[in-house]
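The letters A, B and C name the chains in turn, as written, and every chain counts its residues from 1.
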Amino acid sequence: MSAQTEQRVERVLVTPGDKLAEGDYKILTPTTAYRVGTSYYSSIVGLLELNPQEKSLKVIPLKGSYYPRVGDVVIGIVSDVGLTNWELDIRAPFPGILYAVDYLGRAINPSKENLKDFLDVGDVIVGKVEVFDRTRNPVISTKGKEFGKVIDGALVEISPVKIPRLIGKKGSMQSLIESETNCKLVIGNNGRVLVLCEDKRYEEIVVRAIRKIDVEAHISGLTDRIKEFILVEKVRRGLVGNEERKA
Amino acid sequence: MRREKPKLVGEDGIRHDGRRLDELRPVKMEVGVLSNASGSAYVEFGKTRVIAAVYGPREPPQRYMVLPHRAVLRCRYHMAPFSTDERKNPAPSRREIEISKVIREALEPVVMSEAFPRTSIDVFIEVISADGGTRTAALNAASLALADAGVPMRDLVAAVAVGKVDGYLVLDIDQVEDNYGEADMPVAMAPSLNMVTLLQLNGVLSPQEFSQALNLALKGVNEVYKLQKETLRNKYLVRVE
Amino acid sequence: MSVTPTSPDSIIPRLKAETLSSLTKKGVRADGRGLEDFREVKIITNYLPKADGSALVKLGDTQVLVGVKIELGSPYPDTPEEGVLVVSAEFVPTASPAFEPGPPDENAIELARVIDRVLREYGVIDASKLVIIPGRKVWVVWVDIYVLDHGGNLVDASAIATLAALLTTRIPKYTVSENESIQVDKSSFSGPLPIARKAVTVTVGKLGDSLIVDPTIEEEKVVSSKLIVGVGEDGSIAGLQKSGDGYLTLQEVEKAIQLALKKGSELLAKISESIKLPEATSTESAEASSVGEEKPPENNA
C-alpha cells in the first residue's frame, strides 16, 4: 500500500469481487468497478484510488487489452487494402478503418487508382480515433500534421494500460525521456510507441526504458528509477560527456 | 456398484490419503504462466493439474459469430491424452462437450461481456493430469486466467466438488473417491455475490444430505476463493514495497 | 468448444420479456398456469412396432419419442455381471428452426447425459438381471430420445418418455446353445425389462426472481437459468444439473429442489397410472401409425 499524501488518496491492490466502498460514490473508470445497491465492487485486478473527500473512486488496471475511445491517438499497421479504405491493426478487438478520402485529402476513383500504391499491408500510420460507437469498426483519421504514414523510427509495443504511466503526470515521464536522450516519442493510446532519435545509439536506451515502465508501472518511485536507468545506460555506452551531465 | 470396493474413509474420519473429511488436497495456483495468452493460470489440486488460457476480447475468427450488444464467450475444456490412467483419445468426447458447456455457463453470469460488444472472449482449458475434480480445477483456473487477462468480472468463480464416500460427506474428492463413492457434486459460486453458477450431482442424496453437502461445498468454495485472491495479489505485491 | 448462442431464435422482444416477468411476479403465467403447474402430459406407450419399448410424450407443444432397443453385447470390463445402458438424444431438425442437421450439439448431449446419470445412479434398471453369460454376454439397453417438436422443457418430457418406455420394454426371447452361441428370437418375449425403482426429472426455471416449473419455449427465452432435478420415487435427489447462462442463489437452490421433489412425485404417480392400462395403449398405438407416421398435434393454434 502506498499513500500519496499530496492527494490524500490511498492506493490498494484489489481483485474482482472485492468490496471497494459503501455509500454514494462516483466511479471514474467504468467497467473496472460496478455498483450493487450502495456497495461498490472491483471487476478487475488493479489499484484502487479512493477519494473519500470527493466521493469518487477509480480502479487502475494492471493489465488489459486496448478498447478504442474517440480522441485516442493510435499507431496502426495496415492489415488489408480495400477499394476506398484500408483496414488497420490497432491492437483492438476490431480493425480500424482509414478512408482514402481522409488520408489523401481528396476523393479517389477506385476504377483508376489502386490504394495499394499509397499504403500497403505492413505500412505503419499514426492517426486519431474519430468515430467509434460500438456498432461498427472504429474510424481512424490522419488529418493533422502530426499524423500520417511513418517512415522511420523504432516501434515498441507495451500493455495499453501502462501508456498513461509512460506519458506521466502532465507529460512528465515522456518529457524526461525525450530530454535525456534527445529522442522524440509518438505515443499511441493503443499500446504502441514510436521512437525517433536523431542519434540512433539512443534508440535502444529509450526502447529499454519503455519496456521497464511496462513492467514496473505500478511501483512507486518510477520516475527517479527511469532517470537513473537512462543515465546508467548512457554511461555504459560511453554517451555521457557528449551531453551535459546530470547529478 | 463396482466390485472390490476399497475402504475409503476410516472410522476416525480419516480418508484414504490421510485427509480429514472437510480438507482440500494440496493446492497450487499461479497466474501469468503463458507468454502469448492475454491471461493464463496453472492450478493443481493434488494430482489434478490444469492450465487455462484466455485470448481476447478479440475479433472472432469467424466474423459472423458475434453478438451486437455483448462479447461471445467461447470455452473449451479438453483432456490431454496422457492425463488419464489409460490413454484418452484426443477427439472431444461427449463428456468434454458437456463439461465445456457447464464451465462456460458458470462463467457467463460473472463476465461483464456487455463491455465488449461484437468480440469474442476465448477460454481454453487443458487438463494435463486428471485425478478427480478436473472440472472444478478447470473453472478455478479459467477464473484466474480471466482476471489475469484484465477481463472485467463481477466476481471470481471458485469451485470445489463434494462427494459422498462410504456414507460420509467429504470435500474435494479425488479420482478413487469419485469412482467408488455414492455421489459426486461439483459446485461453483461467485462467493461475494451469493451466486451459484455451476451445480451438478452425479449420484443420490437425500434432501438432508444435500443441505449438508451444500454447506460443506460452501466452506470449500470460500477456501478456494481466498487462495485465488492471494494468487492474484502475490503476482503484483511482490514488487510493490 | 462451447459458444454463447448467437442464433436469432434466442432473442426475445423486450416487451414480451417484461410481460412474462411481471406475470410471474403476480404468480401466474401467460397460459394461465400457476408457477408450480405442469402442462398436461399425454403418454402413449408401445408406440413403435419395431422397438422393444417405446413411448411418445406430449407436453404442451413439446413432443418427444423414445425408442428402446435391447441387443446383445459385451459388458463393461469393470462390471462383468451387469447389463449395459446407453442413452442418446437427437434434436431432429423437424423440431425447431433452431435445430440444424448434424451430430448432437451440446444441448442434446447434456440432455442425454443428465437422464443417463439419473437412471444409472438411482438404479432404475436392475442391470444385474441383464446378464446372459457373465463376463461375456449381456443385454445392452439402447435408449434413443428423439425430440420431434420443441415447445419447451425438453428434459422433463424426455425423462417422462424414457421412464414410460422402459416400464413397457420387453426383453426378446433367446436361447443359449452348447457352444455358448446365443439365438435371439425377436418375435416373442421372455419378460419385462427388470425395473428396480422409478425416477424422473423436474426442471425448475428462474424467471426474474420467481421459480417456475415446466417452462414453455417462450418462457425459456426469458428464463436465465434452470435447475434440473432428478427425483427418485423414495423422495431422494437422484441428480442435479444447473443449466443456462444465469445463476441461482443458495436459497433459490434449496427452494427449487423442494419444489422439484414435490412435482416429481406427482409426475411419477401420473406415469405409473398411464402404464397400468396396457390394452388401452395398444389400441391407441394401432390407431396412430404405421412406421414413421405421427399423430397430428392436438393443440395447434
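Convention: a residue touches a chain if its C-beta (ideal position, glycine included) is under 8 Å from a C-beta of that chain, and two chains touch if they have at least 3 such contacts.
Treat the numbers as computed from the prediction; the structure is a model and nothing was measured.
Inter-chain contacts peak for the pair B-C. Most remote from chain B, judged by the distance between CA-atom centroids, is A. Averaging the CA coordinates per chain and comparing them to the mean over all protein CA atoms picks out B as nearest.
Chain centres here are Cα means. That of chain A falls 35 Å from that of chain B.
Our note on geometry: chain B versus chain C, Cα centroid distance of 28 Å, whole angstroms. Between chain A and chain C the centroid-to-centroid distance comes to 56 Å (mean Cα coordinates, whole Å).
For chain C, residues touching at least two other chains: there are none. The set of chain B residues that touch two or more partner chains comprises 190.
Note for the complex: chain A touches chain B at residues 1-2, 13, 15-19, 31-32, 34, 36, 41, 43-45, 61-65, 67, 93-95, 134-135, 161, 216, 218-220.
Touching chain C in their complex are the following residues of chain B: 2-3, 65-67, 72-76, 94-95, 97-98, 100-105, 108-109, 113, 183, 185, 190, 194-207, 210-211, 214, 218.
Listed in rising order, the residues of chain B touching chain A in the complex are 38-39, 56-59, 68, 110, 112, 115-120, 147-156, 190-193, 228-229, 232-233, 236-237, 239-241.
The part of chain C that touches chain B in the complex is made up of residues 1-4, 6, 78-79, 104, 106-107, 109-110, 112-113, 117, 121-122, 225, 227, 230, 232, 235-250, 252-254, 257-258, 261.
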